[in-house]
Structures are given as structure tokens and as C-alpha cells.
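Scrolling down, you'll hit the structures one after another.
Okay, so chain A shows up in both of these, paired with chain B first and chain C after.
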Partner chain A sequence: MRKSIFISIALLGTIMGKAQTPEERGLQIAKAAEEADLGFGSSIVELKMTLKNKNGQTSERFLVTRTLELTEDGDKSLIVFGSPKDVKGTATLTFTHKVGSDDQWLYLPSIKRVKRISSNNKSGPFVGSEFAYEDLSSQEVEKYTYKFLETKGSLLLVEQDPVDPKSGYTRRIVSYNKDKGYRIEKVEFYDRKNALLKTLTYTDYKLYKNKFWRAGTFTMVNHQSNKETLLKFSDYNFEADLSEDDFSQVALQRAGN
Partner chain B sequence: MNAIKKAGDFTNNFAKNWAKFVIKYKWPVLIGTLLLALGLGSQGKMEFDGDYHVFFSKSNPELEAFDALQEKYTKDDNIVIVLAPKNGNVFTRENLVAIEELTEQAWNTPYSSRVDAVTNFQHTSADGDDLYVDDLSYESINKTDAEILEIREKALKEPLLVHRIINEEGSVTAINVTVRLPGVDSATEIPEVTIATRNMVSEFQEKHPQFDVYTTGLVPLNTAFFEASQSDLGLIGIMLIIVILVTLVLTRNFFATFSTLVVVLFSIISAVGFVGIMGIKLTPPSAVFPTMIMTLAVADSIHILITMLQKVRKDGLGKREALVESMRLNFMPVFITSLTTVIGFLTMNFGDVPPFWHLGNITAFGMTMAFLYSTTTLPALMAIFPIWKRKTVAGKLPKIGLYHKMGLFVTRQPVRLTFISLAIIGGLAYLATLNVFNDEFVEYFDDSVQFRRDSDFINDNLTGFYNVEFSVGSGESGGINNPEYLENLNAFEDWLNNQSEVVHVNAFSEVARRVNRSMHGDDPSYYQVPNNREEAAQYLLLYELSLPFGLDLNNQINVDKSETRVTATLKNISSAEMIAFSSRAEQWLRDHTDQPMHSIGVSPTMMFSKLGFRQADSMFKGNIIALILISLVLMLALRNFKLGLLSIIPNVAPVLVGFGIWALYKGQINTGMVIVFGMTLGIIVDDTVHFMSKFLRARRELGYDAKQAVIYAFETVGRALVTTTIVLLAGFAVLSTSSFALNSYMARITVIIILSALIIDFILLPSLLILISRKSEATEEVQELQAQVQLDK
Partner chain C sequence: MNTIKIGVLVALFTTHLGWAQEKDAPKKVDHDLEFEIEGEYRFFYDDAQFNGQKDHYPSIAFRPEYSLDWNKGYESINFTGFIRLDRDDERTHGDIRELYYQKAKNNWELSVGLKKVFWGVIESNHLVDIVNQTDAVETFDGEEKLGQPMVQFSLITNKLGTFDFFYLPFHRKRTFAGSEGRLRFGTVIDRDDLGYESGAEEWRQDLAVRWKHYFGSVDIALSHFYGNGREPLFVFDPLGNINAFYPVINQTGLELQITHDAFLWKLESIYRHADAQDFFALAAGVEYTFSNIDGNGLDIGILGEYLYDERDELALNALQNDVFFGSRIAFNDTQDTSVLIGGITDLKSSSTIFSLEASRRFGSTWTAEVEARIFSNIDDTELILSNFRDDSFLRISISKFF
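Coming up: the complex of A and B.
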């Protein structure tokens, strides 16, 4: 099985750890995680986003996300808003690129037009939440430089520095679970002044097709504002067999209606 | 009847025995009190709190309202760094590059959450169906002259920038750094931010000398509070020298001076211990406690020492006997005056401003300890030190003559003096009502403080420092996209912009207009709020998706998208004008919009504007209680109900006179001055006590008539009252040099009050005593036989 191959690579990595620089080791882990998730094809998932402020006041948004796996370049994704009511049907289409800025379009049903967003800015909050767009977009290996930090039980901690100068972060510390197909358990985000800004915890993991780990809950806590955003996912549908045609501007308009 | 006499004998004997005990065990007493002072002092901790929040009690409604607003949006304090290029034009390549660089640097400020500058302003533009939201000037080094000109034009047309980040002429610009202080320990957080900012600014100035740099904002305000505390604490040095000089002049004895110094230092060390034990963090009002304690404590020692030295020098008593006699004569007066002072300071707890609770409590504790040390350490030390006898001093007669003459002057015309005094007091009392509260916190600092100078520059050249904020609700989730709401918000924005006090308005309706225009190919005729809810909501979604880290709308839109924050930046206006402006705005909302949009103006500025009123309201009760308590103490001390009641006149009049004169001098009073009634009452009552007790003694023991008794009182305590007044005036004069208005104004009016108290006690009080005795000569005579006077020298 493929998985055992990766594990043996990882084990090999551990054994050969001395010969490897932390940078190489970090990159290797990131690649191993990418490899482990290879081949899911496409997925559809519904999610509920709950925004919570310091006083516990909440606000909810419902979204549907479709993702298409691509290997030669970054993944494509289409997010459709189901609520609040006044943005129902609004949809974003994103082509992530391994190198350079991503492309992003937004469909506005109120004027039935697709608008292209200049996406130099992807460090801002996603619909008022504690997630930045860059936290949610496809995590391509090329978007960071890596440094292995330490092993904590089955967790491998890797520091990742964003390549994009417009990123809101100086670094992220990502905990990979080497026993569970390198799924990510936790990410700590450090802001531009290198102070801990947010922690993202992945819980309620579920194994799909005996290979793909998907977390059922994302909890993002902002330590500086004490605000919190919760993402609750429904079951993933890996059977939809989506194609490139489902991720075109036409599809974007269609998805919104 | 005999109970009173017995009580009198008891205190007499108690004081005598106390003195004998202290003299006998002088070394153990000295060492014991030394250990007590050092023990307390070892618990001492001098921590400062500069956070402006310290001025507001937890239950302060303005603070609660402001906190609620900050919880809804973002809690932010800021630092405004203002750059004035010497060439008078912000928009040159060199200057823009420098601004970009400083903006980049500013992100490294500890706790920073947002940095707004002219260069990173998120400019929205349209190109066909593409929406561009980008920095107004990114990588300015590569910009052509034409592009820079374009940037200038865009910036000077941008309502969000002009009068906030850039002035109309484009000659002065600001970088606004928003910080989110965790608020766990402001004593370390604020200095951390300040040091980082100062280093950043000085490095910038070294590298780019073409700019003049000014700094203001809430963090620098906090720092200014912080530094005011420290510099006011430093006034103790000057006070120390004054204490040494005054004591030396009055006692003409080195050892007496030294002992006084020991007593005041012990008192201050103990108070410092109290600060540590209670975990009080010092603020500008409370940081003056050492000077206060020193001023007030020195009086205790001086009374005891002067009597003792007089007994030695004039009456030829031995050191030990003189000491016992002085203690016997002074124990009760020192106790009573300490008690009234402590009561006066404790009434500050009735107020609504925590730093004054601290000042009151620390000083009350220090004064209690000063009483203890004056009656233990002081006699013990004097018992140890030798007394060098000098020849009896000649030339005392003219001094006695002076006070004698004053007595004669008053006794000749009591009726006329009473009328003139009451007329003057009445007139000034009327003037006192004309004072208005003004707590403009920038003006708390005088021109010697950099923060004040910088803030003034920024007020004159760029924007305002004061603001009022409104959280305007729509009444439903997502309702801020409702066209009706947007129209009303827009109208409110326009109304605010038309007010003469307003420098700049930041409202969500401006964002809605701008995005609407961009969604319609930058057509200026679409620079209006969208007229369709879905459109508005979807445009907002699009716009929010386009904003970078730290420049989002979370600081002006709540989570639920049901409310938005409107910020009106104002000119330098007084507290009264501020409150009037805010209620006008609140009224406008009530008149023109539905209930959910009604809102109350809040901001640090508003909090300070109402602070004086709040403090005055809450202190009113405290002042009445102080007056009653102190009058009661006086009645007990004098053992005379009528004179106790009469004492209210000379005790209250100086405060009326003080505020009356203040109305002529400044006309504006601040929060710091509200406490002076209770505080000065405790202090000036001493004059009345001393004068009245001597008057009574002359009447009761010596059988003088009222006029003779007045002259006797002048002769015996006139000089003592003048000297303690001089000490007090010196102390408060030192405090009045503070660069911080809450302290300096308080000290200045206290100087006026203490001085007028002396004048009133020398003119009105004796006149009243004569007038009152005339009417009731008969009843007085009965009492004469029974009374025993303890308040003696």
C-alpha cells in the first residue's frame, strides 16, 4: 500500500535524520502530507461557519465547497454561499497556483455578473471570520519554505514561512500526525511582528475511502482579539466525479442559481 | 459635669504618661518605630499605571458604554505618528518611499493589529468586470512622476483620508498604528509599546531627516500620564529641601530639624509600604502622596518642637520637663488635627475616580503614621539629642505686638468686619457657581510636555484628537445592507459633516458609496449608497474578500452585520461643548431615524468630559459627611455645641472664596479640584480649632470677656497659625508646579483656600466670636466654671 511506502519514507527520514537539514526534513514532511492526500479526485462538502466574538455573540453562514484535485497546478475550488439570505447564491471560484497569485472570481446573483477579484490581497479575513482567505485556500507545497522543529509523540512540528510577501504571517507552526497519514492536527499562526495571532485546531477527523483524513470541525481562535470561528463540516462526498467544466465561470454562475 | 473634667484630666495624664514612657524608653521606642517604618517600607512597591482607564471606576456608565462598543467591534488604542516633510509635499518619491518603510516598520509595534497610512490605503477601482482593491502606493520607488501625481490626486480626493491621514494641502500625513493591549498589566504593556515606538521614530528620523515627526494618540496619552506620575513623585525632592529650610528657620535648631525629617521620612516610608501592601498602582493624582504627607506631617512635629523649645528657651525648663510639657499641651491638638485631616482624605472614597481613592487612602494612612511617629519617634529623638541652650531671645516683643495689634483691629469693629467679610464671601460664592467643568485630557498637560505640544501641532495641522463614536444599529441581522438603513446612515454622516465642531467623519455609508461606484465602472454618479439590499450585501462581500490583513472592516462592522460604528473626529472643544455636541447628534438620530438606529455618543473624550460632573455628584455626599463628622469632632474637642456649629462658617467659607477667586482666575475646573472641599476642610479646620480653643480657654479659665479673649487667642496662636499656613502653602505651591493639571489646579486652589482660611480665621472668626458672645454673655458664664480646656499650647 501507498501509505506504508510513505511511512517507510518517513521512517527512513527519521533514521537518516542526522544527514538531513531541518529545512529538508520540513519540506519532506510537507510533501509526504501532500502525497498522502493524493488521488481524492474531487469532493463536495457543506459547512456551517460560526463567528463568535469575545462575549459569545454568534453569527452563522452556510457554505458549500466543491474542490477539484489537480496535480500539475494548484487545486480549483468553488464556494457557494447559502446564507445569510442577502448573499445567498453568491459564489467564489478560485484557481490556486503553485507559483504566483491565485485567480479568483466572484459571482454576484443580484446583478448576475461575475467579477474578478484582484487577489494580491488574500491575507484579509474571509467574510468577517477569523480565517484569512490564505488559511482556507489549497495548501500547495510551493507556497511556503519549511523547517522541521521537533517530534512530539506522533506529532511532527514544522515551521512554514510563506513565500508571498503580502501574507499576513511571518510563519506558521504546523503539527502533522505521522501516524494518521500526516493529517494536520494544529496550526499556530504568527503575525508580522512574530507574535502568536491565531491557533487553528482540527478535530472530529474521519477517514474516507480508508485513505483520506478529513476533519469535521475547524476551530480558529484569535488570541489577540479573543474572537473565534468554528467550521462544522457535513460528510464529504468524494463520489461526485467533478470535472474542469464544473469549475468554469459558467459553472460559477450556474452554481449560484 | 465632672465627667468632662475627668475626661480632661484623663487626657492630660495620658499624654503626660505617654511622654514619660517614651522618654524613659527612648532607645527601644526609637528602634521599635524604626523597625516598624522599615518593616512597612520593605513591603513597599512603587508601580505606576498610566492607562487612562484608571480614571474610571468599574461602574462608570460612560466607561461601560465605551467598553460595550469596543467589544462589539475592536478594542483599540492607537499611536498616531505624524510626518511633516520639510519640503511641504508628502507626495514625492523619496517621501512616499519613507512613509511606506515606516508603515512596514509600524507593523512590528508590540500588540499592533492595524496600521493605516496614506500608502497602504485600500484604493478601489474598476476595470471592466475586474475589481481592483490595492494599496494606494505600493513599491513607491518604482513609481513614475506621473503616477505619483495621480496618487496625490486620488489621496486628496479621498474622504476617508483627508483630515484624518492627510491634510488638504498634502503637506502633513499620519500613520495610525492601532494596538490591542491585552490589558493584563498596563504597567509593562504601555512602556513596551512606547519604547518600541520611540525607537522606531528616532531611527526613522535619523534615516529620513527630511521629516518633522510628531506623536499623539491614546498610547502616548497613557505614557504622558505615566510620566506625569513619575515627575510629580519627583517633586518630593524640592519639598524635602523646603521642609528642612522651614523647620530650620522656625526652630533654629539642627536636631529639631533632623528629628522632623526623620518623622516625615518614616511616615512616607510607611505610606510606601501601604501602597505595596494594598497593591495600589500609582497614577498622576495618587503619585503626589509623598509631598502631601510631608507637607501635612511636618506641621505635627513643628507644633511639638516649637512648644518644647519655647519652654526651654523662654521658661527655662529642662529638656525632659519641656518635652513632657510640650507633649501634654500638644497631644490632643495634634490628635484632633490629624483626625480631621484623615477624615478629610478618607472622604475621597465617596468619589467616582479611583486614583483619588488611592490618594485619599494613602495619605490618610501616612497621616495616621505621622501622628504615631510625631508622638513617639520625635520625643524619643529629642530626648536623645542634647539641647544647646541659648540666651533668651530678645526681639520677640514686636512679633507679639503684631498679633496683638491684629486682635485690637478686629475687636474695634467686629460688626463692620463681619458685614464686609460676609459680603465678600457672598460675592465670591456667587462667582464660584460660574465655574464650568472642563476635562479636556490633552489640556491636562502643560506646554512643557511633549505630548501636549505634539497633539497641538496635529490638531492645528491635520486632524482632531477628540472624537465621539456611535454604534448605529439596524435592528436585524445583516440589516446594515438594508437601503433604508444606508440612506439614514448616509444622512447622519452628512449631518455630522456639517457640524462646525467636526473635522472628519468615518462611517460605513462611505464604504458603501465607494464600493457601489467601483461596481459601476467608477462612474461618479454612482457615488451613493446602493438601493437594493442584495446588491449592497454582495458588494460588501466582494469588497471584504479583497481586503488585506489588518485592514478589514471588523473595526467598523459587528459580527452579525447588524450595526456599524460611526466615528466623528472633533476639533479641540471644551467638555461642555463636547457633551452638547453629542446630545445634539443623539437627538438628530431620534428625530430622523427609527428606534434601532438611536445611539449614544461614547469615546474616551466623552468619558473625561463627564468625569468632572460624575465626581462632583458622588463627592457631594462625601463632603456633607465630612462636614458633619468634622463639626462633630470640633464640638467634642471644644466641648461646645454652639461654637462647633459656628465653626462651619470659617470652615466652609474658604472653599467658597477659593472657587470664587478661581472663577476670576480660570473659570474652568477639572476633576482634580472636586476633592479639595473634603481635603482642605480637614486641613483648615486646624486653624479654627486652635483659635477657638484659645478663645475658650481665655473665657473659661482666665475669665476674659470676648474681646480680651480674642486678643489673647491672637497672641497665643497667631504665630503658630501663620507658620503652619506657611508650611502648607509651601507644600501645595510645590505641587502647583506640576505639569499635570489635575494636580496643579488642585494644588493652586488649595493654596488659595488655605490662605483665605487664615484670613477668615483672623478676621471673620474673631468678629463672629465677639458678636455671638454679646448676645449670650450670660449662658457663657455658666459654662466658664465647668470647662476644662485641653486644646492648649
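Coming up: the complex of A and C.
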């Protein structure tokens, strides 16, 4: 009896393994990662961004990011700058969409203006950093096509090709950790000429609510310019219980004041 | 003087509310104090047209900011002050830009005190923006505003958009350059000489409402204002005497923006009715940004706007049938270097105003700005602009933030 179960599981495994193409496996992993992170609701986190040029000179920015999880469509996020002081209060509100371009508003505190901006500029740098806008936007499964590459210990390497032709990348190679809730350990970015452009490493992971992995440090290294950007996160607050009301244009202005 | 009185009143009111709240509010109260000192130098390179005007204007300005929030940020008191010292006595002035108490809960937000709000989508002119009075001595572009006493109630609905209701109990008069100042008329306008159509004068109780919503790529807003106009009305009698006053107006405004790929299509329009004057004005334009051109973050935006004002040469901003063209260059570097160059030209005459604005940060607490406005071939028949034809200037300012 026990034997037959083993056999059928083994058989099932072989069948599934055979039937699954690398594309299907890649998509399956991306979905598993998304699923593992479902149900966080909302979060608030403070972060320090350190920009390092090739001579090692640094400059810093402080930001606060609020995120609201939505399942039918992409997440909503609100980012507020705390420093440098001349741009303090500058804030962006983004409604991510699974399909099509995102909706984005910018708040300029000096003239109290809310301006709808184009989300067309995906490949441009975010505030002079090595992070492009697309690196920081909500990672929806629908935004890439997938191909499973290989297994390295507990890491699953998946190639992701951006669906949007305006992306600055031909592909990204993402390393998922299958033993840690499919959290991402590393992303390698290949530019439009398919040359290695950047590597993003996630470290200082912490498990929140026994379910959600959040990295405390993001390190983005640009191999072509030798510049580097470091993101250091404070503890995540998952208890704020934010709602859609905290992601309106009125809330955007309030956050920037 | 009135500013100070209102300030004190608001301060008392807000402090009281603050105390009342703190007893039962969640323990965490955040304070934030900031201070900016700005050194400015304006140089007018053409000889002055009117007596008393200077060529060199060194100036210094202070901008303290203080905010206090509690109840997870849903309640706050915000203060922004402003003081400038200048060679022109009228440009030497101070103001409480903002001092208000704010409370937000679920889908509504309430603000009480002196506050600044902005309405509009167009870059070269702000037709719809009417809540705050323009601090006209501060900048040529009119984007600096005086603090407006108000009660603002915002209601946010998912399906129907956002509704803003304003109760505006007091009118602020526009600032004008003094006899030593540039960018003025031949006759010096004394702010206090300008009267009101309304018998209640500055204490006329004004109202405004605005609805704003978005549908996919379309952002739309409709607004209506009923009260003391922010722009004084100049009436010329047959003997050439000027009678200037603030009329009671009804103004309906439309703002529309369509954001499609890297295009921003914009439209702003107003219809203003007063007993002495009815008119329609419109501004329409497009902004297109070529982003990350060099793979290093360089963005070059191009802007084109058409400005129409039925008042013709009586339009106080002199933008009656003009075209604005410009380019915004952003380097997206660590210093946030950006440049805006442009020009506004009259479609009927040769009058053109060229402008350049550039800014950059140095270190983490210093910024520098360069601004130039060049009045070129100003037609003598331009009722307003002809006064400024020798007022081309270069402005350099350096700010330190604490």
C-alpha cells in the first residue's frame, strides 16, 4: 500500500517534469513567489539610499514607502522624500497595473502642485541612483515572460524577459530561494545590447509575521559605470492597516506636507 | 498688519486644538523643524525706465518651517513662514505662508488656518489657480503665493472623485513693487489704495468648490469661485485716470490633462464674470519628454502652449494671444541638475519674453539657482508689458538648508 503511493508520486513527478517546459516552470516559480507573499495587506518602511560614484564619494537620501496590496490589479504605493532637504516632501503616488502602463502622480511641495506624470520612463534612473524606475515598481507576474534556467542548491534561476518594449533590459536573471518562501536573493540585469549591466543583491533578510521575507539591504552595482547604490531599510510596519484612503491624491499632498 | 492678526488667531486656535487632542492621542508625536536662508542677487542690465528704480538688488530671505503631527500622521499642525529683505521697500516683506491644523479620517480631510493650494495643469500661465493671492513682488512667474485663511474640507469618493469645499473668510491684497522696485508700472501702485467692489471689503466671506477625478489616462477638474477677485481690475476713464479695485467675481474653471505615453496634453480654461467685466480665457498645450536619452538619465522635454485671453491688452499678465515654447532638461544626476528654457511670444506683435531657469544642489544642504528673463522687442502698444521693456534681468540665488 505504502509502496504504491510512493510509485504513483514518483510517476506523477516524472509526468509533470516531462510535461513542463522551461517556460512553464519559470512562470510557476514566479507565481509561487507571488503566492508566498500574498496577504501582507499593507506596509510602511523607511529607507536610506546611499549613492556611491566610481570614486567612492557618497550622497544620501531618506524616503518613506507605503504599500497597499491589491490582488485584482497591481499594488498602490506612496513614496515620500525626507532628504535632501531641498526636495523634502516631494512625493509620488503610483497605481501599478498588471497590464498596461501604471498611473503616477508627483507632488511638488514648494508650489503645492500635484502633477500627473507619464510612467513611460521606465529605464531612467530613480533620483540619480543605479535603480531604474522599473526596478522599484511593484513586481507583477504579468510584466515578464519566464524561462527556468537551472537549480543551484536551494536557488532556482529564472530568466525574465520584460513584456514592455520600453524596458531598459533584454532580460533579467533572478535567483529564487525555494527553501525560504521563494524570496529573491539576486537579480542580474542585461541591457538592450544583452551585456551585463547591473547586479542587485538582497541581504539581511528578516521574516515578518512568520510568512513574509523582507530584505534589510539592497545592493545595486552597475558593472558598466562602476557606480553603486545601497538601500538600507528600517523594520517593516505591517500593522498600520492602510486602506485605499491612504493612497489618494489628497493623501499624497498630506504625506508631502 | 492684518496678516499678523490672523496669524495670531490661527495660532491660538490651532494650539488649543493641539492640546485638546494630545490627551487621548496615541503617544507618538513627531516634530520637524527646518530653516532655509536664501541669498539673492538680481541685476537689471538696462537703464531704468522710471525714476527711483535701481539696477542691482541684493536680497536675503528666510523660510522657517515647522510641523507637528500625531495620531499616526492623521492630525498635524503645519507652519511655513517667510521674510525677505530687499532694496525695494515693498519687496521687503514677511508673510505666514501656512499655519494650519489638519485632520484626516477615512475618506475626508479638514484643514483650518492659513494654507496654500494649487489648481492647474498648464506650465506658462495659471488661469484656474485662484484660491491664494499672488505674491507678485516675489517672482515674475507669479508662482509665489500669500497664505490664505481658509477652512478646506475634502471628500474623497471612489466612484465620483474628490470634492473640495473652501470657505475663505478674508481677502489678501496683491503685492506690488514700490517706487524703488523694477517690474512695475509708471505710476507706483500702492496696495492700500486699491479698494473693493464689495461693501464688506476684505472681510467678504468667499466660497469655492472643486471637483477632481481621473478616468484612465484622463485627469479632469471643474471648479467654481465666488468672491473677491484675486486680480485687481483696472478701469481707465476717458481722461486717462486709472481706477483700480478688486471686483466681486464668479469664476468657473476647467482643468484637463490626458497622459498618453510620453505625451501630456493639457487644457485650462476660465470664464470670469463681474459687473464691470466678463471674459473667457484659455490655455492649451502639450509636453513631450524624451527620457533617458543617453542611457544615463538625461531627460529632454519639449513644451508648447497657446494662451488666449479675451481681455486682450487689459489682461494683467499680458498673455492675451501668445505662444509659449520651451524645453525642460533634467540630468537626473545626484545633484538634481535641471534647466528650463523658453519664450513667450505675442502672435500679433513682436513682443517676446525669453526665460531661463536652472538649478542644482551642492553637497546635501546647498542649492543654487539661476534665472534670466529677457524682454525683447516689446511693442509700445502693449499696455502692461511696455512698462517692463527695460526690466530684463539676471537672478542668482544660493540657499542653505538647516
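One rule holds for everything that comes next: the second predicted complex is superposed on the first by the 242 of 257 C-alpha atoms of A that agree within 3 Å, B and C clash if a C-alpha of one lies under 4 Å from a C-alpha of the other, contacts with A are read in each partner's own complex, and residues count from 1 in each chain.
Following the convention adopted for this analysis, a residue touches a chain if its C-beta (ideal position, glycine included) is under 8 Å from a C-beta of that chain, and two chains touch if they have at least 3 such contacts.
Small disclaimer: the values here were computed from a predicted structure and weren't measured.
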Checklist entry - Looking at the overlay, does A:182 come into contact with chain B only (first), chain C only (second), both, or neither? => result neither
Checklist entry - Just chain B (first), just chain C (second), both, or neither: which does A:51 touch? => result both
Next on the checklist: Contacts for A:127 in the overlay, against chain B (first) and chain C (second): which applies, first, second, both or neither?
Outcome noted: both
Checklist entry - So, A:148: does it touch chain B (first), chain C (second), both, or neither? => result neither
Item to check | First (chain B), second (chain C), both or neither touched by A:244 | outcome: second
Checklist entry - Just chain B (first), just chain C (second), both, or neither: which does A:103 touch? => result second
Checklist entry - Which partner does A:193 reach: the first (chain B), the second (chain C), both, or neither? => result first
Checklist entry - For A:254, is the partner it touches chain B (first), chain C (second), both, or none of the two (neither)? => result second
Item to check | Partner chain(s) touched by A:118 [first = chain B, second = chain C, both, neither] | outcome: both
Checklist entry - Which chain A residues contact chain B in one complex and chain C in the other? => result 51, 53, 59, 84-87, 111, 113-118, 120-121, 123-125, 127-128, 168, 191
Item to check | Residues of chain B that touch chain A when the two form their complex | outcome: 71-72, 74-75, 107-113, 122, 129-134, 180, 477-478, 481, 519, 532-539, 541-542, 544-554, 557-561
Item to check | chain C residues touching chain A - in the complex, by the definition given at the top | outcome: 34, 36, 67, 72-73, 76, 78, 102, 104, 106-107, 109, 116-118, 120-121, 143, 154, 156, 158, 162, 212, 214, 219, 257, 259, 261-264, 289, 291-292, 295-297, 299, 332-336, 361, 364-365, 367, 399, 401-402
Item to check | Touching residues (chain side chain A, partner chain C) in the complex | outcome: 51, 53, 59-60, 83-88, 101, 103, 111-118, 120-121, 123-125, 127-128, 168, 191, 240, 243-245, 248-251, 254-255, 257
Checklist entry - Which residues of chain A touch chain B in the complex? => result 51-55, 57-59, 81, 84-87, 90, 92, 104, 106, 108-111, 113-128, 132-133, 166-168, 191-193, 195, 224-225, 227
